[in-house]
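Down below is the structure, laid out as structure tokens.
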Amino acid sequence: MDYAIQQIVNALAFGSEYALLALGLALVFSIMGLVNFAHGEIIAVAGYSVFFAVALGLQSVLGAVTIAIVMGIVTALVFERVAFRPVRYAPTTTGLLTAFGVSIVVQNMLTLFVSPKARAVPVLGPLNQTFFIGPYAVSSLQLLELAVTIVAIVALVLFLNRSLLGLAIRAAARDFSTVRLMGVKANRVIATGFALSGFLAGVVSVFILARRGSVEPDFGSAPVIKAFVACVLGGFGSLAGAAVGGMVLGFLDVAILVALPQKFGGLRDALTYFLVGVVLFWRPQGLLGRTVELGDKEV
Amino acid sequence: MSHRSLLLGTAAALALFAGPALAEGPTIKIGLAASLTGDFAPYSEAEGARCMADQLNKAAGPDDPKIEILIEDSRSDAQLSVSLGQKFLDEKAQVIAGVPFPDALIPMSQMAASYGATVYSAPNTQVEMHEVGLDNFIAGAVPDPMNAAATAVAVAAAGGKATVILTSEDGASWSAKTPEWFGEALEKTGGKVVGKLAYSFGTTDWSPQIAEIKAFADKPDTVYVCGPVPDVGILVRQLRSNGFDGIVAGCDGFDDPSLEETVGNPAYLDKVMFATHGVMGDGGQIDQFIAACKAAGYKVNGIFDALGADMVQVVYDAAKASGSDDPVKLREAIRASDGSKTVMSDNLSFKEKLAYPVKTIPVIGFKDGKRVVIADDVPVFVPYLK
Amino acid sequence: MLVVENLVVRYGPITAVRGVSIEVGAGETVALLGPNGAGKTSIVSAVIGLVPSTGRVSFDGRDVSNLSPEERVRAAMTVVPEGRRVFANLTVAENLRLGGFVRRRERDQDGERDRYLAMFPVLRERLDQLAGTLSGGEQQMLAIARAMMSKPRLLILDEPSLGLAPRIVARIFEHIVELKKSGITIVLVEQNMMQALAVADRAYVLSTGTIRHAGPAAELRADPRLADLAIGGH
Amino acid sequence: MAPAQSPAAPMPADRSMPPLLRSILGGLVVAVPVVVIGVLILWLAPPYQVRIAFAGYVNLVIVVGLQIFMGNANIGNFGHSAFVGVGAYFVAILATPLAAKKLSIPNAPFGLSQVVLDPIVAAVVALGIVGVLALLTGFIISRLSGIAASIVTLSLLIISHGVFINYTDLFKGAQAFFGIPVVIGLPTAIAVAVAAIVVARVFRDSQDGVQLRASADDVLAARAFGVDVVKLRFKAWVLSALVCGAAGIMYAYFMGAVIARAFFFQQVFLTLAMLILGGMRTVSGAVVGCAILSIGLEAIRSLESGATIMGVKLPEMLGLSGLSLGAVIVLGMAFRPNGLMGRLELDELAAGWLRRLRRS
């Protein structure tokens, strides 16, 4: 029983990290129909910024967290301005490819100008303290992740659906000139949407860095693939779907590891993807997705 | 005369003009399809080889062999390293190497055979290489079962009796079988394997595995894993912070300078031990070599560069002995030699096993966060290789 | 109130508007008429600032030629664009809220909203429906109400009758008359000349980017030359 | 601006020719540079460059296969490498001699570790497996459009990679599956590439191809004319998968080893970038894009490790070729989303030039 609860705690932590990642993808998709695979590189740039700051003498956890988040936002804004604005109203595939292109460029720049090898960044270690609640080992990171994910989802859903700025972001992403006719500074509100996703990326970067203790050029791209799967599973573009998809994926990961005989331990990922495939076969639009949302940009 | 031979002839003529025309000794080309980027970048031997070759060439007299190192990035990609191997063979390399895993090295050896060339993989340890029946393959390191056996002896000496082993298919037998061999060797000392868990390379959150470890009915006092950094460093940190205070043991995958930083807390390194290829951190020959190379501007990293340097030394000595640039004669000379004095060993010889050296295997532990040598012997009982 | 002087709009090698001057007095309803391709929508886009142009646009005596569209909207001009352009993925209520974006700090938006929901009762029934699911006529009503939420002093309607059934068009024009009575200045851009002239005080008739005729609506209605243009246009 | 942007209408070389023959001839015209370059390499280049060229021809077949679905249906496809991988892996599993299998997949299910087929039979069976998988996946994908379809193709890629990497008993996991008989060389690759080009061209010009392209521009209008878009997409998908599967089989039979990583994002991006650069609307675009990027990236890659040019030692620039690839994608999307070739095939362009030349 203890063991089961312990594993559920672990699954929640896995799930919330996936969910937080997926939320960044879903946010950009829901506001501008862009499947932003370069989200991973926003995370990577945030991580490398901390690495540089530490190399220059930064010691404080708070400073590192601030740098990661600020650089996440800045990077997202730069990507939007340089790469995504020119393809804003192009077909979605164009945007998706641009995102891949940006991702390849940034990863290789990190390889070229920093190093292809992993670089240790121990500064965020203090965030990752394990303590015991009764017999259960819980890490502060797991709790933080869960809390941040819940707050982020609720805040984002409220912001996008209830606030006027949220409405303006959603509208601007679809019809740039008409939204200007409402007196909205459209470029600025779309940038706000990106800044939000950059904020999320910065936060995720802090979590990954605290757990890993090092950065590498593919620091963000590997987790984003999982996040993408979570988004597809939950229904692309739906924020709630991203969160649910992430959680389901986290639970699947842990459950398969626990339930499968060790002989088949290596099949964990295969089975996860197989189950995702089954869900997609049954519901191509994902668990919470609507077909309208998927086809939105074509309207 | 075809166009092709015309072109080649022109190129050769140009090369003659460009090359040191006065050299008498043979010129040996070593082509390294090195993992400069990608997963295995921490385990690349290229910079050390380059540094050693430059040192030897500088010191060489007019009659001594010249070593020319050709390096291209294989991106840790087996396939690209096979293609690059072909390129080096086109350029008449006598020795080539690629990603240090069988999936690259076996096809490369088959390819090199028709040129008479040798595949010499300095960091390679996998047993498959010695089972396929390749005649032109040489590994610079001892095979994994010996590494596992040496670790088992050290673990037993430190009181380890009940071990959990973590296996992954991602590094073939290196990461999948070495833990099994460790278990077998530990059982020989009276210990036992109480559990086995699977993982994938790239794992950064080990909490499900750790929860499993804690839930085993037989409480383990040792965790063994053979994988790359930073994964294994993260495992150490997370095991410790979850209250596991037993032994964490591993293989040469641990031997990267970034291990300590990844683990973070120096106290966590107590009771961490791993078997590797040579002793570093004691100010000995390897440290001196690495320091000299670093000072000269080579981007050397650690023990794998020393392995690369040893390869160059062995090839150089063989070239000197055979006095020829013929690849087959070169290989015969390597295998006939009673031993080379190299960075890592006073007497590195392939005479006994032909495809790999027999040497002592240092097991590294930690004291106050610093690396110390716990043992440095040739293991008596070796599983699998019988 | 709105003065447009010597407006020229070019799209690359094509000149869509060739030196048009228009004047609209406060409280007036002025129609901008002409067939397809006469340059009407280009004028509207230039007046609100969505396309680059030369010439001068002033509003309320202030030169707005160098302002961005959003700044012009803040100056109390507004456009109901051709083809409605409601935000299909937002609900009716959200469309209206967005219409009031420039007045987001004011508290009396609800008064405005109630007023236009009273004017277009069908919108009240559909407040929580996605705007994309409305019929064409309903979308047009929403577009007008949305534009009015910014409390403009100048309302430019670009082809409000486009693609709508005659019965619906009549209803839309009734609403325009209603708006006119409230005292707002209106520029009505239309292909549907006779119906527009029935509502307007004055009118300009355009063809191939220049003004062909101008005058009081009643006079133009009687002008036989208009019929030719109308036929040519439709 | 490329001439492709000019309003010249596509003009068939000769109206009296039957359409099928015209398409085949058109395809062969497009294939001429492919054959010429291949023959030159065979004649002049050292073995290493032949190897690199072979990889280029495999990519060409993949890009042409990709064009069949993506170019005609106008749906972003990221899943094609799954079929390349399936083709390659199944010939590996079926045709590898027993001795090598004992090392690589001793525990293969269904007794596959005991089966060795003739390479040709193995290729046919592997292609059949690709076909079956294409039928199953096509069932879903042809019913979706736009981004939904693209997302499902991307999921397909990730799922297939997950299975290759983790179903160790059958696919040998993250390690390369080696020991596959090396039975073909560059001449075969050139022949397959030419065949793929002709097949793609015939499909593009066929009734189905024209209807599918029309429907890609306006689905509703095409449906209104009674075009069964789902069926057409399905056909294009299966044909595209088979061509990609053939590329995978070629790859395995030349390289002698396959590795799952070869059929993942890197290949997907590379081939997509080739198609986009050349222009996905035409088969010629696939050929042109593949040629430019293959040659360009290999040139850049040879600079990465610090080459010496005209006596100047360049610094080590690891990652430069990847950087260039990404830049090509980003810039291409921003400035030339329709690619270099636009909407006209090479032979149509040539015919247009000829006509203008004659007129002047």
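The first chain written gets the first letter, and so on, giving A, B, C and D; residue counts start at 1 in each chain.
One rule holds in what follows: a contact is a pair of C-beta atoms (placed from the backbone, for glycine too) under 8 Å apart; a residue touches a chain by one contact, two chains touch by 3 or more.
Please read these numbers as outputs of a predicted model, since none were measured by experiment.
Shared contact partners of chain C and chain D, listed by label: A.
The chain closest to the protein's centre is A, with centres computed as averages of CA atoms.
Of all chain pairs in this entry, the one linked by the most C-beta contacts is A-D. Chain centres computed from CA atoms place B at the largest separation from chain C. The distance from the centre of chain A to the centre of chain C, each centre being the mean of the chain's C-alpha atoms, comes to 43 Å.
Between chain A and chain D, the centres computed from C-alpha atoms are 31 Å apart. The distance from the centre of chain B to the centre of chain C, each centre being the mean of the chain's C-alpha atoms, comes to 76 Å. Rounded to a whole number, the gap between the C-alpha centres of chain B and chain D is 37 angstrom. Those residues of chain A in touch with two or more other chains are numbered 111, 116, 217, 266, 268-269.
The set of chain C residues that touch two or more partner chains is empty. Residue numbers of chain D whose C-beta contacts span two or more other chains: 165-166, 168, 173, 318-319.
Interfaces, counted as pairs of touching chains, are A-B, A-C, A-D, B-D. Within the complex, the chain A residues that touch chain B are 2-3, 6-7, 10-11, 13-14, 17, 111, 116-120, 122, 125, 128-130, 132, 137, 139, 142, 208, 211-214, 217, 222, 253-254, 257-258, 262, 265-266, 268-269. Within the complex formed with chain A, the residues of chain B that make contact are 36-38, 41-42, 167-169, 195-200, 202, 204-205, 207-212, 214-215, 229-230, 233-234, 237-238, 241-243, 258, 261-265, 301. Against chain B, the residues of chain D that register as touching in their complex are 43-44, 46-48, 51-52, 55, 103, 165-166, 168, 173-179, 255-257, 259, 261-262, 302, 304-305, 316, 318-319. By the touch criterion given at the top, residues 33, 35, 83, 86-87, 90-98, 100-112, 116, 217, 225, 228-229, 232, 236, 266-274, 276-277, 280-281, 284-285, 291, 294-295, 297-298 of chain A touch chain D in their complex. Chain C contributes residues 48, 50, 68-70, 73-74, 78-79, 81, 85, 87-90, 94, 97-99, 101-102, 104, 132, 146-147, 150 to its touches with chain A in the complex.
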